[in-house]
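Here is the structure we will look at, set down as structure tokens.
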Amino acid sequence: MANKLKVGILGATGMVGQNYLRLLEDHPWFDVTYVSASERSAKKAYEEAVAGRWHYATPIPMAIRNIVVEDASDIEKAKGKVDFVFSAMDLPMKEDTKSLEMAYAKAGIPVVSNSSANRWTDDVPMLIPEINHKHTDIIPIQKKSRGFSKGFVAVKPNCSLQSYLTPLFALEQAGYRIERVILTTMQAVSGAGYPGVPSLDMIDNLVPYIGGEEEKTEQEPHKILGRIEGSRIVNDESMRISATCTRVPVVDGHTASINVKFAERKPARDEIIKIWRAFRSFPQENKLPSAPSQPIIYLEEDNRPQPRKDRDAGKGMAVSVGRLREDSVFDYKFVALSHNTVRGAAGGGILNAELLRVKGFLG
Amino acid sequence: MANKLKVGILGATGMVGQNYLRLLEDHPWFDVTYVSASERSAKKAYEEAVAGRWHYATPIPMAIRNIVVEDASDIEKAKGKVDFVFSAMDLPMKEDTKSLEMAYAKAGIPVVSNSSANRWTDDVPMLIPEINHKHTDIIPIQKKSRGFSKGFVAVKPNCSLQSYLTPLFALEQAGYRIERVILTTMQAVSGAGYPGVPSLDMIDNLVPYIGGEEEKTEQEPHKILGRIEGSRIVNDESMRISATCTRVPVVDGHTASINVKFAERKPARDEIIKIWRAFRSFPQENKLPSAPSQPIIYLEEDNRPQPRKDRDAGKGMAVSVGRLREDSVFDYKFVALSHNTVRGAAGGGILNAELLRVKGFLG
Amino acid sequence: MANKLKVGILGATGMVGQNYLRLLEDHPWFDVTYVSASERSAKKAYEEAVAGRWHYATPIPMAIRNIVVEDASDIEKAKGKVDFVFSAMDLPMKEDTKSLEMAYAKAGIPVVSNSSANRWTDDVPMLIPEINHKHTDIIPIQKKSRGFSKGFVAVKPNCSLQSYLTPLFALEQAGYRIERVILTTMQAVSGAGYPGVPSLDMIDNLVPYIGGEEEKTEQEPHKILGRIEGSRIVNDESMRISATCTRVPVVDGHTASINVKFAERKPARDEIIKIWRAFRSFPQENKLPSAPSQPIIYLEEDNRPQPRKDRDAGKGMAVSVGRLREDSVFDYKFVALSHNTVRGAAGGGILNAELLRVKGFLG
Amino acid sequence: MANKLKVGILGATGMVGQNYLRLLEDHPWFDVTYVSASERSAKKAYEEAVAGRWHYATPIPMAIRNIVVEDASDIEKAKGKVDFVFSAMDLPMKEDTKSLEMAYAKAGIPVVSNSSANRWTDDVPMLIPEINHKHTDIIPIQKKSRGFSKGFVAVKPNCSLQSYLTPLFALEQAGYRIERVILTTMQAVSGAGYPGVPSLDMIDNLVPYIGGEEEKTEQEPHKILGRIEGSRIVNDESMRISATCTRVPVVDGHTASINVKFAERKPARDEIIKIWRAFRSFPQENKLPSAPSQPIIYLEEDNRPQPRKDRDAGKGMAVSVGRLREDSVFDYKFVALSHNTVRGAAGGGILNAELLRVKGFLG
């Protein structure tokens, strides 16, 4: 990659936006040159805009501190300054995020989004590069039908499904179709942002509910595993999923307990582990900078994966899996873990952008 | 109950033993008159034996402080001093606990046990009074075949299944047979005793494994739901159960996420809640002192049950249930919670003894 | 006490207000007959007004559920319905709380307040009944100078000083004047209300700062230990206090580490413990219903007091003290603990009202 | 440094030993070539010896996995294989550690120790390189008087004082002598090793006691700030220290709340911050590989330092300080934080070895 691309962050002052800035420091392909947020933060130096609200242990990247924050709703400001933007916007009305992202695309600026707003827009790809990198084929169709010249919108799915979907996909790809999945997640508090979950709910306690999370966990895989037909992505609903999503006193790292039933034939236990360990896909083959060299790590110890010990595997981009055992009701059960604010949020967005660049969509 | 019975605690210095003492203070039917533990504690006043190791917020009961601890392995010491004993022993070798409990029974002292040692002894009832109070019918058979005069052994099941089994039983009793159950538990650290789970494993972390717990959770219900045939209890394995058991940073209260498939017909959601709320059984009908007036409490709020808020329902003896919803894979899913050191341990043992007394087994 | 007094709660829907309702259920002297809150909650049944926001493990008291919440700013509504009110109001502007409490007093309704608004009003007593019950003598002066007939305002101090001030006062009362105090608190999250402290700040973390808390901790004792001169309470600043206040991942119970230097002579270690254990005051002598029989409990164990084990001592109204040892810089150091939402908030308010009743100020 | 030195780890399987291995991976000057532990671990490959007990998120360093663990009590085994050893031994009898370290030294192997065993041996330097690097001058004296050829023992102090002693030293060095210090620590659980502190003590709780810790915290500074006289280090007791040490639910990072009284004159607040920020010493001037470029970091935010956010400053080797304010009893108070298992344990040991190498003591 000869030239670095100029990148903007929409919603740069929130927790996800901050994580983009942290993870993009020293990125080999992308340079953050533009940050925007709500009107309230606009016109302030970035450092001032997040004063007392910078959430990470590493300091605000030097190159960002003095950049003036712009108003994210003013698309004109971004024009000419960026090759594409990461959207970490979270407007009060989801419809507003949806249409603002489209307006950026219309203005010629590709949007790689972390938001849930356009996930069900049927010509917008919802990407996990290891699984459905081919869904980028919808982008020319999206651009054409919407009359976009250079811009487009691509999104990533919810953090709650990142732990289990790649392991399941690896098995399907190896020829073992999965029919039913029952799972319970134990999700970290960072998924709710800041201030997010009150400490009174998380000391000597857990909360067995996260609003809207179970629906996303059950349905988004259908689009990710779907196929392009004409001008839209059509869901594949053959893998039926039932999810219970809970919140536990963990900072980072979503854990899931998963029971799986195969459709026709089922692999032996050893074969499953072999398939997981051997699994590689487009990001690994193309050596995308943020791709983990081994996307699925299987741990032999009885008591793993554990959030604090395993979330940072592959710099937070790998999935850690363990406890695979035969299931007295379905075929197998296992435990999986992924870093919700890296692979499940900003890191996943960055990997999407890397995928889009090597495929030539980001100029 | 005219006269109070004299009760001994075997294993009185451990965490479960301490909880028996705490919960039996002011019990209307039982008076603790005898405590025993390992040889190391023997001959000391109870207060001295647990110095620095009393785990409860309420102080050591006054009546117990100066009782001299006896050696639990010396059965002669207990003779004539107690009408029955609670066993909270946890010897290094499970076989030793098993045979020592039987030796007490042989010596004429009924044993109401918290230990797992005799759970699979086929003429020993494993009791949840709301479910299988009729299994006490095995006791005369046990006594006869083993040549016991007054003594016998009765046990309670593992804490991990107390949250979900009573709600499932209530539905079966109402005519809705259950075929399959998939569940994931999030269990409190008090279940592992003291020192138990290291804090390094429980700060910003969870551990998706508890040794031996999944087997107990899956198999013990088969005996509880079984029936007496000849001189033994025969398992009912019609309800197939798959469990994943995890440890989370909660002091007390085991939570479970449960997916259920009915065998033939399934009730409507409203009917399930109605069945749960109306459920009463022998302990309620006979007003056992430790019986919760409502054994199954259904909570309407989306985010309940929660361990810290709901574990003390019914003085720790009720099961709290919530989040009942239709399941895209099985028929229904819900969340259930029970207090692991009250209903799941000492409190459950005491309720068993109350059941045994009203049935005339404790003299 | 022949007749129960009718009591209103101002700010009844917040966490402190809820705790008043919880602690007053079955109170022998007071009946809650009136609840008020912000305009937003007004006209709703109490149960509806706090739906999803009731913070306690015990359910909303039956007698309160259907009481209609009134607008706390409408004093007329309370007239004739209550003998006095507890104020748990926390208006955005402290000045508004201050003047609204005075307006209730002017309208003939005594106000026993939990708020900090009137703590520094110089004719308002700031009461810890074990220490300065005689400060109620300012009430007739307050009423006269302000032209109040029956009403007046009395307040309680901040929760952060409850752990150490009574033990220090006991020593002063025994003739050992204290000159200097250096202390560090480790305060529970419930002190910040709900949602309060974000869980991201309290998992694997602590925060060494609580806004405004150190000032209150250092200065309020001066008024509590002061004396009435003419129409006001004059501070006694002879005990100089330096406080560092931190927030730790504990639900309830403020712990303090305290170093003390005596003015002239210092007691022996044994004598200090003896003084603490023997300490009794007006609330004990008059058997106020909420008074702990032993206000200062000294624990011999090296590792006590601990929040979870000791906060409920004396039903949350006693102070637990431990680790008294000679100090290489000052004279002595020790650790003290008090329940911040019972003694430090609603429970302290109730004890104040009990004091005021036996002294004849509440009709 | 042309050649890397060969290094052994005594006590390599414990938590501190593991941390040495983790931090020494890719060290520019030192290569771990030898590991030893108790007899129980001896003869096993390292990976096998720590199976299920490796405590860090990063995997066991590749180069170490297959090294065979030797018996630490067998000094002959180490001879010829190492240029020096790090001692992370923690034998049941402190005297045994003390004499075994001396035996290694006698056998010609320098010992850089993390243990407390030889801290009060009066010809053994207790080093914080930023403070008393000159105490290495005692080493030739130690060697001569004990008849050691190449070997010697040097130690590091306890983790609990690392947060506050360097900031205080910086002020003394700038000419502001300190007379009195009162402090309370809030220490992380990793300081107690594994299994260490039970989770039942650390959920919704803190423990205001750590055995032996207050004595170390108060007394070790006297030796560190002392001077060499003849053949021994003589304490400087001019700075009187009173410490209360508590355990809080934090994984890593000891926080301290400190009150300071100067002897004669006191600096202005701005000057203190300037002194801290400008402070550099031998490790910085000599660019020791593990030295933080800025040893004392002052944070302006009201609510800092916080363990999770600040412990990793300077790769865990810097001290973070904040909340400097005038003190109503002493002169100033502030909050300080240091990473207990990096600067306070293995990282501190490594910095000591770097210091010893550039001074020519390690061949």
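Each chain carries a letter (A, B, C and D) given by its place in the written order, and its residues are counted from 1.
In this section, contacts are C-beta pairs under 8 Å (C-beta built on N, C-alpha and C of every residue); 3 or more make two chains touch, one makes a residue touch a chain.
What you see is a predicted model; the values in this text were computed from it and never measured.
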Shared interface numbering between subunit B and subunit A [over half = same, under half = different]:
same
Any idea whether B-D or B-C has more C-beta pairs in contact?
B-D
Whole-Å separation of chain centres (CA-atom averages), subunit B against subunit C
41
Chain centres from averaged Cα atoms put subunit A and subunit B apart, in whole Å, by 43
Cα-centroid distance, subunit B relative to subunit D, in whole angstrom
48
For subunit A, residue numbers touching 2 or more other chains are 201, 203-204, 249-251, 302-303, 308-309
What does subunit C use to touch subunit D in their complex?
180-182, 184, 186, 201, 203-209, 211, 218, 240-242, 244, 246, 248-251, 255, 257, 259, 302-309, 322-323, 327-330, 333, 335
Counting only contacts in the complex, subunit C reaches subunit A at residues 55, 189-190, 194-204, 249-251
Provide the residue numbers of subunit D that touch subunit A in the complex, in ascending order.
52, 56-58, 203-204, 251, 301-303, 308-312
